[in-house]
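Look at the two complexes coming up: chain A is in both, with chain B in one and chain C in the other.
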Partner chain A sequence: MLESREITMKFGPVTALDHVSLKLEPGHIYAMLGPNGSGKTTWMKLATGLLKPAEGEMLWNGAPVGVESRREIAYMSTEPYFYSWMSIRQVGKYYQDFFRDYDPARFDALLARMELDPALKVKNLSSGMMAKLKVAVTLSRRARVWLLDEPFNGIDLIARDAIAQSIIESAGEDRIIVLSSHLVEEMEAIADWAVFIRKGVLVESCDLEEMRQRTSQSMADRYRSIYGAEKEVI
Partner chain B sequence: MEFDPMTPIWAQVAGHLRLEMVTGRLQPGEKLPSGRDLALQFAINPNTAARVYQELEAEGLCSTRRGLGTFVTADRARLEAIRLSLAREAAEQFLSRLDKLGLSPGDALRMVGEAAATEDSQHP
Partner chain C sequence: MLKLIGYEFRKTWFAKVILLCITALLELVFVIGLLTSDESTIALSAMLLALVATGGVMAMGLISVTILHRDMNTRQGYMLFMTPNSCYKILGAKVLENGLTILVTGAFFALLGALDITLLFGHYKMIDRMWELLTSFMTKMVPQLNLQGHVIFLFLISSLCSWVLTVLTAFFADVMASSVLRGKRGGGFVAFLIFIVLNVLIAWGSRQLTDARIFPGVESMFIWTSVIDLALAALMYWVTALVMERRLSV
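Moving on, here comes the complex of A and B:
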């Protein structure tokens, strides 16, 4: 279980997360929702151990996250993080050097599903290809937790379908997958649990199918009722 | 398959498979995809896919044999009973819609007759 207990994070005068308590259980795909600036990325960076909370604690199977947990928790950030001179194949090798749980066969299979040529250079990739490469290399780690920040942003429908398939394929009873996005519709059928964060505060965490049955609302409807006419912070 | 995100997705996939089973597009006794393959085929969460089979099993439309997979029931009487209950449900929904438009069941029947005649003349 991945758990944040009363996590608070401040950047100067800005409170990015305000006493967020959340438990994520294996066997689920979570949609972490909120407009830009609501704290989703900060939560993921804290869960990976890339940031230290001002208050509260982030626990992986009961122990604080850090060097140990990073071997089991894979994080895909929104920023591109590959050298432009690398080929896709070299990106795989680079990952192999960094992560013990990296599986080259899985990477090859994912590249095939995404229709990415391993010989292509990073500098020649379109934004859709780059998005697919980031997801492929992250899911090539035999991790227990995958935190994918904005996996569906800025890409065409076909690339989105390929990414969705790869995510569904990677899910398992002992795995946790967290997808952050403000593209709510993309995640309706893939996620089974939704976490709504608003201005650093956890608003709601709910089982999606149960919510649909109880309220006849979609995740997008719930999103609209929580965030309403709120302006996006860009 | 396009989903209505306002109703449970398991119910929509179950509805689709139920129709395939009672109309014979999925044969009695036929092996169904694994839960994981069903999830990939419909691009849905694997837990949602598992729920689809739980639901259809509860209706007696399919059963899971340990280690072998999930199969459409071979009980043709059960499939026929469900086919007829789905047809009855459709008829009731139809009458209720026409009732809202102010048509009696008698008017509705006459309209069905006319529509059927037009269809016959267009597709003899």
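Moving on, here comes the complex of A and C:
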């Protein structure tokens, strides 16, 4: 189980997350939702151990996240992060060198599905190709947890379908998948649990099916009812 | 660890190739000068080689500091810090790669210098005599001075160890700027001050430890200072990795 307990993160005077407590159980695909600056990316980076919290703690199976949890938690940042001198093949080799759960055959299959040439240099990739590479190499890990920050960003419809298919294939009883995206309708087709965050505060974490029955709203409508009021005030 | 070191080497590979190319070019000019007995070419290329040797060793250290800075302050750092490696291991790989690079670069230029001097002595017999006169004069002026090969070698090792310690001090200051002082007004300036103050303290402490002993010869003094520098470098590494592990957010 991936759990944040009263986690708080500050960037100078800005509080990105404010005492967020959240438990993510295996066997679910979570849609992490919220407008820009709500704290979704910060929460994911804390879960990976890239950020150190100001208060609270992030736990993986009861132990604080760190070196050991990084063996089982795969993170895909929304920004490109590969070394510019690498080729796509070398990116795969890098993951093979450091992650025991990396599956090179799956990487090759995902590259083929995404129509990416392994010989291409990272520095020559378009933003769409870079986005596809990030998804392909992250899903090539047989991780216990995948944290995918904006996996559909800058990707055409066909490739989005390929990514959605790959994500669904990766799901399992012992796996946790966390997605963040502004494409709420697309996420609704994949996720079975929704986490709503607003201005660094957890608003709601709920089973999607249960939420639909309780509120008679789709995830997109629920999103509008939670965040739409803010826009009206503005 | 070896894989981490390999990737660190790859990050500085381009700078190393450029340094090698410049050195090869200057060496070629030096040899052409010797073959054509063009003394001004020999003098100019020898001076430039000495400059490149000193600058090259220093540049290797400075480049590693800029790479650490980039790893801590750009998205590329995710590649490093999302791997299941502790900051001790990550920094250790950087220190080992850089320490080895500095030592190998230093040894390479020392050997090249020895080769060039030998070639020069072979070409101009009178230089041999001039060198003898110079060493004899300097030994009379400074009786403790010993210009034998092994002493020069120990002096070079001592200088390289001192540079490795300086680079590690820069690592520490940069880690402080990127972690504890990040987002604070004047953080970069404070980190620079930390670097300067630490260097002054290290120089003072090292001198106290050296002055307190009586050395049978200059060789043992160089060995002693090298040991002190390496011990301080190890301490600096540990403190830096500790700060990274506890406070660094990338």
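We adopt the following convention: the second predicted complex is superposed on the first by the 227 of 234 C-alpha atoms of A that agree within 3 Å, B and C clash if a C-alpha of one lies under 4 Å from a C-alpha of the other, contacts with A are read in each partner's own complex, and residues count from 1 in each chain.
FYI, a residue touches a chain if its C-beta (ideal position, glycine included) is under 8 Å from a C-beta of that chain, and two chains touch if they have at least 3 such contacts.
Keep in mind that this is a model prediction, so the values were computed, not measured.
Engineer: With both structures lined up on chain A, is it a clash or a fit for chain B and chain C?
Structural biologist: In the superposition, chain B and chain C stay clear of each other.
Engineer: Quick one: classify A:Glu79 as touching chain B (first), chain C (second), both or neither.
Structural biologist: Second partner only, chain C.
Engineer: Mind working out whether A:Asp18 is in touch with chain B, chain C, both or neither, as first, second, both or neither?
Structural biologist: Neither partner.
Engineer: Quick one: is A:Thr48 in contact with chain B, with chain C, with both, or with neither? Answer first, second, both or neither.
Structural biologist: second
Engineer: Mind computing the angle chain B to chain A to chain C from the CA centres, in steps of 10 degrees?
Structural biologist: Value: 160 degrees, nearest 10.
Engineer: Applying the touch criterion given at the start, work out whether A:Asp221 contacts chain B, chain C, both or neither, answering first, second, both or neither.
Structural biologist: first
Engineer: Which of the two partners, first being chain B and second being chain C, lies in contact with A:Gln213: first, second, both, or neither?
Structural biologist: first
Engineer: In the overlaid three-chain picture, which partner chain does A:Ala171 touch, first (chain B) or second (chain C), both, or neither?
Structural biologist: In the superposed model, A:Ala171 contacts chain B only, not chain C.
Engineer: Contact-wise, after the overlay, does A:Asp108 reach chain B, chain C, both or neither (first, second, both, neither)?
Structural biologist: neither
Engineer: For A:Tyr94, decide between first (touching chain B), second (touching chain C), both and neither.
Structural biologist: second
Engineer: Would you give the minimum C-alpha distance from chain B to chain C, in Å, for the three-chain superposition?
Structural biologist: It comes out at 27 Å between the closest C-alpha atoms.
Engineer: Would you mind listing the overlap between the chain B footprint and the chain C footprint on chain A?
Structural biologist: none
Engineer: Show me the residue ranges of chain C that touch chain A in the complex, using the header's touch definition.
Structural biologist: 3, 7, 10-11, 75-79, 81-86, 183, 246-250
Engineer: If you look only at chain A, which of its residues touch chain B in the complex?
Structural biologist: Within the complex, chain A contacts chain B at residues 27-29, 161, 164-165, 168-169, 171-172, 185, 188-192, 209, 212-213, 216-221.
Engineer: Enumerate the contact residues on chain A facing chain C in the complex.
Structural biologist: By the definition above, chain A touches chain C via 11-12, 45, 48-52, 66-68, 70-71, 75, 77, 79-85, 94, 97-99.
Engineer: For a test of understanding, state which residues of chain B touch chain A in their complex under the given definition.
Structural biologist: Residue list for chain B touching chain A: 3, 5-10, 36, 39-40, 42-48, 51.
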